[in-house]
Structure formats: structure tokens, C-alpha cells
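Once you scroll down, you'll see the structures, which are given as C-alpha cells.
In what comes next, chain A is part of two complexes: it sits with chain B in the first one and with chain C in the second one.
Let's turn to the complex of A and B:
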């Protein structure tokens, strides 16, 4: 499907037309929202006790994965793929935990800023290696996944507690109404601050351009190499945000955090980002994450065998994406 | 040398470029005066496109110097060249398919008002800037490309076969706009294979042959001969060779069964009640303007699409093709205009020829490599494929690539061959070889269906031709009567006494002139043209969604 947030406001058309056009462009994201709504209803049906607590727990558990999905979406839009997202999250998470452990609250701010910069650097290294060696993205990031993951284990061999209290407070609890989890607000604020302005800059356009057609982008005057490094740096930044949210939500640094890389790819695909690059946005993948995790929770609540639950998730992923392609194909034929 | 004050706007001297073993440019020079429209001409693989890519910074030359207004300039990227006033419109659109038009304009910092102005000038005023580039028709994309380049007001605008994919009315508009650039301070470098266009808008022409500048000609009345002579070198007398073959035509008897016939074919809104018979031993031409349903017709005949109505008869018996493999098994083989659709670009000539299985000798399920090699070698020799450039097909020139697509069928013996504009973008020498080959196939009893966008090919290679207009067969013309005005009238569905519109008349002359001047530029392999950046691998097909 097309871009998640319309690139350009249609100033010349009537508002109603613009709305229709916007809905058409974001059709896939809207479909996903409907699916998510249905899933919430289903959750409430099987578990009438699902309420504020459930929602808050959901938001906190989803946050790291949502960051990972945004991270993955950015480099996939740019025509790449990053298999080191999970390892970068691990590395940033353990760096944050070890540095903050036993330190004051104020020093935590320095650590957080430092870790975000670290994320940018890790991503820039990924991107630079890809551009300079011309080794395919998937190979480089797979290799770097070992490098970053190994480094995380060198720094911290086993999960250790360590997080500034303010950082935990940033994601735990709720804001204004108890129905609005802080974690969700934080996610939206970060995406709004980083991604939405970015989309409107030349860099944002260039990322879409190199993902869509590298030759055309090159001829349009885009520096393909530099844009690629920038895209991977942003991926690193969001991976670091993911690592920090891991530390913040659990209070510990975990060198082996879980299958975030593959889940982020799944969320990106589910979220309507073309793996061929150039199409999609970051909101689709975020909703994709919510759907994946909610399904997981529901299956757990139904006390389905966890292994069978994995099988089910896989089948649902294929089913949803197939459904999406079918809709697109039918639209195309008309 | 020092920078000499000169009245030249652009001067390139001694430009050379090799890709591995392939010499794309040996020593090219080009001098463009301010305010002139300068034609860059040359046969297939003469190096025109490489020179343009070097001028616009897309490719770095091995040697040579480029001066703009007397100062030496070396552009390392299109962005730098653009800043220096050199902008090119390439053969294929360079808009990003997944961005809307407005974002594409922002990507190149194009002023929107100026862009709008040029769109109006180019007769495309109703463009919706928020439409995705991949949803815009090809011809409009070319116009957008041109308007975008004009809006930047470059000192030198380079147009690389800009008009090739345009319908006649848009071509006329483009030529008008380019013509108006003359006499000012800026210049245009114009590459086209249509001599009439060169004559209409160009002041001078630089002719390249085999990577060298072989002459600069003032474009005046009668200069075409001189240009063609320079361009073709030893190929000059290659064209008439086909005429002798045509006497060998087999006149069919009334009771003969057609090899392949269509009866009342229809396909969505594109085809309506199309019927024709293709007899063994003949080459049947298909003539149509762009988009009259010929693409769909060939898709159906070759088994890629199923008709929504009507039937196909093979040797008198009804057949249905669910897949191209069915057609191939039935002896109906297809040669496409776009080589990239037919070839495995990264595999060898031999593998490409052997691929469809017709040349593949099987014994107990194993491929008999020895026999295969013999068949392939035979086909390569028969078609005189110039395979010295190396193993991979993508390193061959366009003409040789097309020969490979034909060779793969010839290798196994041909019963029915469908050719869709097989000579598009191929140099004149190879074209002639293809005409001769098609006549030979027919003489050996094969049935050949030949769609051609070049009307003169009908008399060169066909026995008769059918004309399609608006999805219907509107005329059947014997080759003897199929001169270009007749075919064109029929293609526009005009009665033979009707007066041709001026644009159409110009086309007729254009096609005649193009006889000698057919050129194609993309010679060496595309992926090697990006030395400064990673290989462009993400080119995805643009058209699939638009069906």
C-alpha cells in the first residue's frame, strides 16, 4: 500500500476528496486498525476481566517491539533490511543498564543521550559497511547481529538490574486518564518528533527514493550511499530507543532479549511496507506489532500450547498479508 | 592546456570509457555553441548514451576533458552536473515510482511554477501532482521528465531518445518546444533515431561511430545522406539485400489449412472480434499505432493471457494455451521487443539459447551437454551472434541480445514464430540480418507473425499485413501495396482517399528517414554504469499494478 501518512496535502482539492484520497492511500493501515479493533473486542469477549491493568501491561510489553518495528521499517523502506535490530537493542540495553547502575538520577540523562548516540553510531557502522564493501544488506546485518550480540554478552553476561527511576516512570503508569498508558504516549511522541518531520525533509524523500528505484534516485541527484547510511543510522537510533525501553520497562539490561529481529520483520510486512522497498510508512508496522502481540496474548490466555501458538501466529501472518495482496490486486485490475 | 576563452558553451574532447573488455568510447569529442540544438548521432553502440552519461556525471570517463563556458568541469554525480547546468532526460523515465509527482519534484528541487508552465507548453496541463509516478502512463512520464528538466533552466539540456516512446501529437509538441530553445543562450543536445526530427529542430549534428567522433555536419536540406554515411560506415549497402528474398514467396492455395488462426478473439475492452489466418511459409505483418490492442493480442497468442472470447486454431484444431509452456509445446514461440523480458541477463549465451528446452537434448532425464553444445553452436553461427564480449548476456549489445532471443527458438526448429517488434532499438545491420532470417524461416515452411512499429518493415519482410485499430482488424493489405502512406492511413483507420493529418505525414517521412538511421544507445551493460554508487538492483517492474 502507499505511504502511511500522505506525503503531500492536496491543497487544490475539496476536503472531502482529499479525505477519500487519504483513505485510499492509507487503506491498508485503516484495514489493520479495524482488525486491531476486532481483536480487542475478541479479547474482551474471551476475557471479560480485561481492563485497565491488561491494557497497561500490553502497552509496556509492546513498546520495545514497536520501536524495533519502526527501526526495521525505516531501513526496509530504504530498500534494505536490518537483521541486527535485536542485537543492537541488546547492546544498547546492557550499556544503559551497566552505566546507570548505582548512579544518580541526573547521570541517567547523560547515559540515555549517550545510548541514543551509540545507536546512531551502530546503525551508521552497519550502513557504511554495506555501502563501502558492497556486500548485500542482509549478509552485512546478519554478520553484525553476531558482532553486536557478542559485544552485549561481553559487557554483561547475564541480565542485571540497573535503570534510573525517572526512566522507569517514563513508561510505567498512565497519563491524564488511566486508560491512556504512558508507554503509548511516549511511542507516539517519539515517532511524531522524529519520523513525521523527517518524511517531509529531503532525507526522508531520498530514503523512499533509493528504496523505490535506485537508478532513478541516482539520476535525480540523490546520493545513494549517503542516504543509505542515514537510513541505517535512523534504524540504529530506533533500535537504541527499543533497547532503552527494554531497560526502562523491566528495569534490567538483558543481553539476550528475545526474537525482536524476526518479529520486527514480521510487523513490517504486516504493516504494509514492501520488502522490495519504497512503499509504506511506520504507523502500519506499529499497528502490526499491536496485532501480533495481542494475538500472542489471546492465545496464551486461551492456554493454547505455546508451540502451537507460534504455528498459529505464523499462519495468521501469511493469511493477513495474502489478504492484503488480494485487495491490492483487485484494485489494480479495476 | 589552459582554459581558453571560447564562444563554445560545452566542449568535450578525447573522452574515453571502457567497461572491462568493452570499449564504449574510444575518443569522443563534442562542441556545442550557445543557442543551438545539437544532434548527437550514431548507430547501435556508437557510444552516444555513454557520452551523455559522462556529461551528466552518471559515469566517470577514463580520460578526456569537459569544458563548460571555457572552464573545465568534472561532475562526479548527476547532482553535481545539475548544479553545473548540465541536465539530461534519459531514455527511460527517472522519476521515483513510489513517490508522487510533487515529491519527485521536491527531490530534484524543481520550481513548481516553472514546471507547471512547461507542462502547459508541452500540452499536459491537467496533471495531478499528487498521483504516484507509477500510476502515470509512460508517455506522460516522459513529458514530466522533460518539463522537470526545462524548469531547472539548464545551460545544456540533453535529450536521449526522448521522443521514442511518445505518440505523434506529443512528439510534435516536444519538437516545437525544443525548437524554441534555439537562438537563446542555452543549448540542447538532441539524440533521436528519427531523421525528420533532426532535420526539424537541429542546427548541427555530431556523428559518433564505434566510440569515436567521425564528423560534425551542419543540418541542412540533404545533409541526411552525409550523416547516414558517417554513421554507418561499411554498413551502408546492407539494406537492399532483403529484396531478392521476396521473390521466393509461396502463394498459398485456397484449400491450404492455416498453421495458426484466430477466430473472433476478444479481450476485455482491448480486443474485439479479431480474426486472421497465418499460413505456413508466410510472414504476416501486424501494423497498429501504439496501444491498439496488439500487446494483448500477442499475449494471448503466446499463452500469457487467456482471451475473454473467441478461439485459437492450430492446424485447424482448436487449442487453448493456459501458460506460455503450452504454446511452446505446440510449436508457437514468441520473440519480444524487450530483450529483458526474454533473457536471463546474468547467464551465458549458451544457457539462454538452451533454456526453453527445445534445444535441450534429454537422455534419461539428464541433459546431454555435448548435443546441447552442438545445437547452441549451430544457432550462434547461423545468427552470427557476436558473443566475444564475454559470458553474460547483459554484456552484449542490444542487437546481439535480440539475436539470442531468436536463436533459442531457431535452435530447435521453428513452426510458428510470433515476433513483437523484434527490431526495436537495433542497429541497421542486425535488422537486415533479422529480416533475412525471417524470410529464410518462412521459406523453410515456418509461419511467422511480425508486429512492427516500423512501417517499412512490412515491405521488407512480410507477404501481407493486417492492420489493427481500436482492437479490431480494420484492413488486410498485400505487401506489394503496403507502402507506408497506405499502411499509415489504414493504421489511423482512414479511407485511402482521406487526407492525412500533417503530423501523420511527417511520421511517414520520419519512418522513411529512419530506415538508415535506426539507433540504439544502451550498449554496454546497464549495471556497470554506476561506478560511483552501489549497483542499482532495485528496479522493479512498474506496470504490473496498472493492469
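Let's turn to the complex of A and C:
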């Protein structure tokens, strides 16, 4: 009886309580947002000329890494980790560039759709190998990173230009107001179209379920293998989006994977997604990426030695994560 | 009757699997042998004592770095900073040898490695940051500082110290590599340390069940700090040998060995989740990867195809291994 009334009470909570609860649940992301805001203010202070062009350049440079972070977040939430994200981005970027080179603008649409499908397939291969062989995720994706990276080199030995004009126009420039870069809109639209509806579906819930407790998920009727393959396919899809945004923003396909794999893992952890799985979302990692890249830009504005800026980035990453786990630990003790 | 034979057969199969699980060296040696035979078939007449010496020499730095992964993986961790620490150590010695001398260089390099390991260990042990992230962050810091050091000292020569070159690449009677002088005692130390000392047992205990280890009195944070310091020092030694082997001192020299070192430990049967594995398997894993990449080079494939085959074979070996010993 008392339990029942308790449930009723909790569902009829005042909106203010719900807001507090929401803020508490998303406390880490809110903290990151405050940090990001402070960083923007700091950027404006050290570089008063920072304005429209700076913001646009920032949005474009962030886009590939943000896609990589979303890709990484999905499989980490599902209890895995994908060390082949960077290689998949290189492979899809190379395929896009070689196929679009010298072709008509309309053909570019076919290529983009094809590359997205390719991303899904690459991810599905990763996931299937993990499920079928029962070898740990980290080992399989590590090995697959060699496979996808090698395939990119087979297709294209050195960076080559090739991108449909409309694809470049999709990420370069701004929309409505010059303060809203197209790249940022694109990122939000893609995440809103793919991830937000997905989260509410059975598949989305299943991904969180297998990430938080595989056995419990299995016992409550989740098909663990199929969900895992689906999660990795989504990772592949976002990696392909990352590869396409590389091609679109630079106009070339580069077969050498950038530092995206490890940076995406860093952004995911910074964004409050637990590496143990089952916790977090994709917006935290995106904000994590913004922070990582903005810090890098600020250090460049301060005309600091780029090597020392790498040191600073590493120290900030360590510091933030240490702070986060300290908070978690204290909460656990209470 | 049939039921009895079935039970007997199942018992025999179970026993066979148990032997393989407890002796991972048997299937691994078999794979290694297969690869050597494949090499002998691909390039007839090349496989001899001289070739074996070359392979051993190439496998030693990888085996040392894979040792770092083995030790950290036993506690359920991983050390991605080995590449940065190893390259930094080799580079620092090469940059100091012409001024202050070899011993100062060695001392500075080992101190720097110790500090890097201490930082990782404090993060993992006290602040409980995930080792993957902690060692990644430390590798950024180490690489950045090494780069800054490179610019500060303006080292023009890219070659390494002659002493390293002798130990890293020369061979006794043109067969037995001198790097074994460093590697064999180190390997013996790790093997005995894991099997016979309280510290070694504690690594297994923490990886197997951290809560049980804590309740039985192990101070996890102390063990972990010491562990990551040991790992960084080993990485530095691996870096010395690697720079001697390749006669290059660069701040990114060992980066390409980080992922193979993880692969070698995993192929060698060390569980990435902790609590199970050992160093003998890792050494065999490092040999397997070295022979494999030599084989792919000997077959004359271009770099890209070699990468693809390398990846596929790692998956196949890991999968076969998992299947054979019946682990989930």
C-alpha cells in the first residue's frame, strides 16, 4: 500500500521537482555546458576579433570529430568500444572522394547514399565478428582497424581531391543568420533525425540494456547478439558520416586515419558516457568534442607552442576525468 | 554402453580443453610453427639460424612492450602510453649522449618514464580513472613534452647511441642477438614475479575480483601505482632497444607498436578483463606477430594488403584460440 502511494506520489511530482531531477540526472552535461560557455567567453577575451569567421571555422573543424564521438558513444553505451572508428572514417572518406571525382553533381547523391550504406555494412561486420567469435570488442575492433585502414590504402594510395560541390556547400557557410554555421545545423539535424527517435524505440532501449547488464538484458528477452550488431552498425553509420564530413570540409579523401579514434574515446568519457556501458547519451560527447577543439584553438590564439598545447590538452583531459570520477566516488560513498 | 562411451568422450574432450587452457603454450607454439613452415615454403632456404636471430631481434622490443600490456591487463587495465614513453626514452638518451653523456641520458630518460608511470598510476589507483583514458591522456602529455624537448635541444642527428645499436641490433656470432642479454633477465623477473611473489599474486587477485582483493587486505591503489611505474620503466627499456634496432631516435618511433603490443598480449591468452593470463603466452604472441609480418613482407604484398591480412589473421587467431579453450 505504502509502496503504491509512493509510486503515485512520484509520478505526480511538481514540475519544479521534475526539473531538479532532470538537472541532477544531466548534471555532468550541464557542468560541461557551463565550462564550454566559460571557454567561449575566454576565447572572446583573448581574441576580441573572434566572430563569425572564427565560429564558422570552428564548426567545420569540429564536425568530423563530433561525428566520430557520436559513433563511439553509441557502441560504448552498448557496452563495447570501437577502435576502428578512425579507419572507417578514412575508408568511407576515400571511397566518397574517388567515386565523386570527375562525376556529375547528381551522381554525388548516389555516392553519399552508397557511402552511408557502406558505413552500416562496415559496422555490421565489426559487430558480427564480435558476436560470432566472442573475442572481446577491443581486440576485434583493433584488428579491424588494420583491415579498414589497409582497404583505404588499397583504394587510394595518397590524398586525392574529389567532392561534389553541393556536398561542400552543405557544410561550408551559414544558414539564416551568419552566426549559425551550416555545419552545426547539419550535426544537430542528423543527430536529431537518427539518435533521438532511436533512443525511444525498442532497439535504443535494448542498446542501453545490454550495455548496463548483458545477462539481465538477455533474461528479459533482449536479443543480445542482434542488438550488438545493430549498435555497431550505427557506429559504422556515424563513422561514415564523419568520413563524408571530412571529404566535404576538406574536399579531399585521405587514406591515413586521423587521430579520431582515440580522441573520440576521450570525448566520450569527457562527455559523461561510462566506459562500462549503459550510461550517458550522445550530447555529452558532442559538448566534449567542442571543449577539446576550443581549448586547442585557444592555445593556438595564445600563440603557445603547439607541442605544449598537446600537453595542456592531455592534462585537461586527465584533470576533468579525475574530477568526474572523484565526484562519482564521493556520491558512491554517501 | 553408448551413454558410457559418450560420457567418456565428453570427459576426454573436457580434459583436452583443460590441458589447452592451462597450457596456452601448446596451441600458440603450434600456430608459430605453422607460420614458420609457411615462411619456409614461401621462401625456400631462407629459414635458418641467421633468420631466427633476425626474427628474435625484431620480436624483443615488441615482447617487452607487450609485457607492459600483460601486467596491466592482469589487473583489468591497459597501458596505451607505452608507445609515447618508449619513443621519449629512446629520444632523450640520444639527445643527451653528446653533451652530458650516456649515463646522465639514461638516468633522465628513466626518471621521466618513472614520472609518467607515476602519473598514470595515481590516476588509475587513487582517482579510479579508466586506465584506457588515463594512459591515453598521459601519452598526449609525454608526446607533447618530448616534442617540446626536441625543439628545445635542436637535435640534428636522427641516429641513436652506438651502445644501443650494439645491444639492439648486433648479434653474437651473427646469430644470437645481444638484446637477449636485456630481455632474458627481464622476462625471468616477470615470470618469477608473477608466479612466486606476493605482488604478482596480488595483480591476479585485483584483476579477478577487486572487491574480494580489497576485503582480503590488498591495498589496490598502492599495487596499481607501482604497476604503472613498472610498466613505464619497461616501456623505456623497450624504447632503448627499439631505437638501437632501427637506428632511429624519434618521438613517434614506437607509436606503431602500441596496437600490436595489445594484440600480442591478447593472442598470448591474457584476458583483457583481468585475472587470467601470463607472460609466456605473450612472448609467443609477440613472436607470432613478428613472424607473421615478416611472412607478409616476404610474400611481396604491398603495405596496404599486408595491413588487411594482418588484421584478419589477428581476428582469426584470437577467435580460434577463444573457441579451442572454450572461453566465453
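Basically, the second predicted complex is superposed on the first by the 315 of 334 C-alpha atoms of A that agree within 3 Å, B and C clash if a C-alpha of one lies under 4 Å from a C-alpha of the other, contacts with A are read in each partner's own complex, and residues count from 1 in each chain.
The rule is simple: contacts are C-beta pairs under 8 Å (C-beta built on N, C-alpha and C of every residue); 3 or more make two chains touch, one makes a residue touch a chain.
Bear in mind that the values here come from a model prediction, so they are computed numbers and not experimental data.
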### Partner chain(s) touched by A:214 [first = chain B, second = chain C, both, neither]
first
### Task
Check whether A:305 is in contact with chain B, with chain C, with both or with neither, and answer first, second, both or neither.
second
### Message
For A:277, using the defined touch cut-off, is the partner it touches chain B, chain C, both, or neither? Pick first, second, both or neither.
### Response
first
### Task
Identify the partner contact of A:222: answer first if only chain B is touched, second if only chain C is, both if each is, neither if none is.
first
### Task
Could you tell me if A:149 is touching chain B, chain C, both of them or neither one (first, second, both, neither)?
second
### Message
Just checking: does A:325 make contact with chain B only, chain C only, both, or neither of them? Give me first, second, both or neither.
### Response
second
### Message
With both complexes overlaid on chain A, does A:134 touch chain B (first), chain C (second), both or neither?
### Response
both
### Query
Residues on chain A in contact with chain B in one complex and with chain C in the other?
134
### chain C partner contacts - residues on chain A that touch it in the complex
81, 83, 129, 132-136, 138-140, 142-147, 149-154, 157, 262, 265-266, 269, 275, 305, 307-315, 317-318, 321-322, 325-326, 329
### Summary
chain A residues touching chain B in their complex are 2-3, 7-8, 10, 21, 79, 131, 134, 202, 205-206, 208-225, 228, 276-279, 328, 332-333
### Query
Which chain B residues qualify as touching chain A in the complex?
58, 77-79, 82, 88, 90, 93-100, 102-104, 106-108, 129-130, 132, 526, 530, 533-540, 544-547
### Touching residues on chain C, where the partner in the complex is chain A
78, 80, 119, 123, 127-130, 132-134, 136-141, 143-145, 147-148, 151, 259, 262-263, 266, 271-273, 302-312, 314-315, 318-319, 322-323, 327-328
